[in-house]
Amino acid sequence: MSNSPLLEAQALVKNFGGLTAVANVSVHFDQNELIGLIGPNGAGKTTLFNLLTGETPVSSGTISFYTDHGVQPLNGKQPAQIAKIGISRTFQNIRLFKELSVLDNVRIAMTNHYHEGFLTSILRLPKYYQTEAAMTKAAQELLAIFDLTAVADLPAKSLPYGIQRRLEIVRALATKPKLLFLDEPAAGMNPEETADLTRLIRKIQREFHITIVLIEHDMSLVMNVVERLYVLEHGALLATGTPQEIQKNPAVIKAYLGGE
Amino acid sequence: MQTFGQQLINGLSLGSIYALLALGYTMVYGIIKLINFAHGDIYMLGAFWGYYSINYFHFNFILALLSAMLVCAVIGVVIEYFAYRPLRHSARITALITAIGVSFLLENGMSYLVGANARSFPQAIQVVTYHWLGLRISNVQILILGTACLLMVLLEVIIKKTKMGKAMRAVSVDPEAAQLVGINLNHTISFTFALGSAMAGAAGVLIGLYYNSIDPLMGMTPGIKAFVAAVIGGIGSVPGASVGGFIIGILETAVQAVGLSAYKDAVVYFVLIVILLVLPAGIFGKNVKEKV
Amino acid sequence: MKANLKSNLAWLGVMVLGFVVIDACEFAGLINTFIENMLVTIGINVILAVGLNLIIGFAGQFSLGHAGFMAIGAYATGIMTQTMATPAGFYLSMVVGMVIAVIAAVIVGIPTLRLRGDYLAIATMGAAEIIRILINNLKITNGAAGLFNIPALASWVTVYVLMCLTTIVTVNFIHSRGGRAVMAVREDEIAAGAMGINTTRWKLAAFIFGAATAAIGGSLHAAYIQTIAPGDFNIMASIAILIIVVLGGVGSVTGTFVAALVLGALDTILQNFGTVRMIIYSLALILIMIFKPAGLLGSWEFSFKRLFNRKVKGVAEHE
């Protein structure tokens, strides 16, 4: 069942001037999968995320996304268009809308799911109050699932670090993605927070039925939750397989322990 | 061809004034990211210092130029100390409004003190016009071009070769890291204002000599044009400011020469917009894309 | 829903009260032409500055060309009411001015809104100057001399009502789905894009909105002052509007009102000081910025809804 494909990237290349950040990488993510993307610093993991989310244009290669309405090419699309098609993400250095409330952070991510004419907004026609109520209700429900109700009215910048990370994931979920990229969600977290995060990721996959791809350095987290792994090194794909296979892979061990 | 050469000479003379002014904008912007709106008014003060020092202290041209540079350097440092330093950690738009306030203060203060009327600049140098291959070039034009180029080279040497110049470059890249390696932020910023204001002072005296007329509001338009020049060249870049200044000077004279003087400024702004659309950080600027 | 109704009624009350107070003062002869002029200038400045605050404070786009759009509105009214000197002609001219301003905003905005920060500021300033120079050289606008004897089709009442309307419309926009999208762009453009917000579109929306309200301000200016010239809409005019926005607090509509009032009153008081007027004004500006760097009100916003909620909470705690 989990074998129907969701995203397929073929021979992705990204050159920055003379530097090749991503070299001929092909990946595929299936429906409902939980995938890890690991590799040493500078291996090109975030760049790969940026290519797949349209943040950075690819130098060559194709990206296809399987939707209910057939296969869509993602090449050349803007991040906002890709988000609308069903891909969302978090960022390595948290990028919340800092000055805005937690509720607004989530409501903003829902912008595309509600439509309201300009005149409706500025004249506050009855439809305006309906849209506002519906958006607020949906956002509050989502916040409740992730225990953020108590902080809903606080500005995002006032939250503790761990909660900010959680809010960023909730905000990404509010776009109703089919595919969610998490860029180092456990960075800077203590073991307790990481354990919470592990439970959170499992919960999301269970309750939202989406595919999650995460970049992570915390091996306890990665090996614990993911079903399949991609290992990048120097921009190229080094290995792929289940956590057990990867842990035994000599090339991966060599890359991580140094060239012995 | 002859008119072309003639317009080129005129354009270069005007452009060197813009370039001198643009240098001050670009240095200050490079170091504290402030559009120093009062910079054009420092140039006005330089012109007035030249006027008074020649008329009342009977300074010769060189002495007037050097003393104007010194006086303007001091004024620039004082302005930074009182008006901009308290706002160094505030939003940049706040500092910009303060700079606008300083500009209003200098313009209106001078109008109050010396009157708003234009006055003619003393002829410190007898104008001689040379004819060469059918081109006319005056000794004042040569002087302006020469002085401007000399100052630009001098500035480049200061920035590239001296310890203070190195500190300026360090602060413009990363003020906090610069402080960590022992650079005195306040001194470096003061020095930057001194240098930039000295250039503006020199430009003021030179323009007085060239156009022969000065008034308290004379800094407004050239100030904005010089900032445009700095942006075209790539704000923060010293060679960029010089090139931008010359581009605007030549462009203005060229538009005037083809009989469209009414649209002179519009063409300048149009070129500015086009350049920014093609090169969002100007000709010599580095377009740094935000890292995700 | 009930809280919304209550707060809307409270605002309506404030607007009616303001009108009645000014009207009573007019009736009692407390307002001479000089004071009325001041009030109208404040009202027009509010319209201009609220629109600019939407662009700068809420969308985070540093535009320095507001006077250009104001000029379009002013000249639309100045030219059209020469042949149509009726209230209907005036409002038609206002709409025409808004439409032209919107077209100009699209032409200027689509390419330049890709630029960031000060680069955008300088590009929009340049665009506004191009508009002004065109007006300065056209025959229909009577060139540098400008237009005189524009029919007096706007009274203080017109200005007051339109000030209220544009503010309501702007505030309503800010508190809607679109307003939040615009603020997301200000907070973090990359994150906004990743959340599906079409950043170009919403930036442009705020820019167009601001341009349209600036045209309204221009129309009123032309019809009340009755004389306009290209010089009225130069860079310094754009800066004057910017000063109101920053002085009040970037991102605070309440602040914009306070700053427009304070500056309007200051200007009127300083009239008696003759030549030192501008010196005092510039010193005041510098000192306010140094001691109140976030503007008079920061990003604080007055809200009846919050006031009522607090009262309800306060009562509940007492019980």
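Every chain is named by a letter (A, B and C) in the order it is written, and numbering of its residues begins at 1.
Note that in this section a contact is a pair of C-beta atoms (placed from the backbone, for glycine too) under 8 Å apart; a residue touches a chain by one contact, two chains touch by 3 or more.
Predicted model, so just to flag it, every value in this text is computed and none were measured.
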item	value
Of A-B and B-C, pair with higher C-beta contact tally	B-C
Centroid-based (C-alpha) most distant chain relative to chain C	A
Chain ID, smallest distance between chain and overall C-alpha centroids	C
For chain A paired with chain C, centre-to-centre distance based on mean C-alpha positions, whole Å	40
Intercentroid distance (Cα basis), chain C paired with chain B, Å	33
Intercentroid distance (Cα basis), chain B paired with chain A, Å	49
Residues of chain C engaged with two or more neighbouring chains	190
Residue numbers of chain A (touch at least two other chains)	55, 91
Touching two or more other chains - residues of chain B	292
Chain A residues touching chain C - in the complex, by the definition given at the top	53, 55, 78-80, 83-84, 88-89, 91, 95-100, 104, 107-109, 111-112, 114, 116, 118, 121-124, 128-129, 131-132, 135, 171-172, 174-175
Residues of chain C defined as touching chain A within the complex	1, 4, 169, 172-173, 176-181, 183-184, 187-188, 190-199, 205, 299
Chain C - residues contacting chain B, complex	56, 62, 111-112, 114-119, 121-123, 125-127, 129-130, 133-134, 136-137, 190, 235, 239, 242-243, 246-247, 250, 275-276, 278-279, 281-283, 285-286, 289-290, 293-295
Touching residues (chain side chain B, partner chain A) in the complex	292
Interfacial residue positions of chain B with respect to chain C in the complex	29, 33, 35, 83, 86-87, 90-98, 100-105, 107-109, 111-112, 224, 227-228, 231, 235, 262-263, 265-266, 268-270, 272-273, 276-277, 280-281, 290, 292
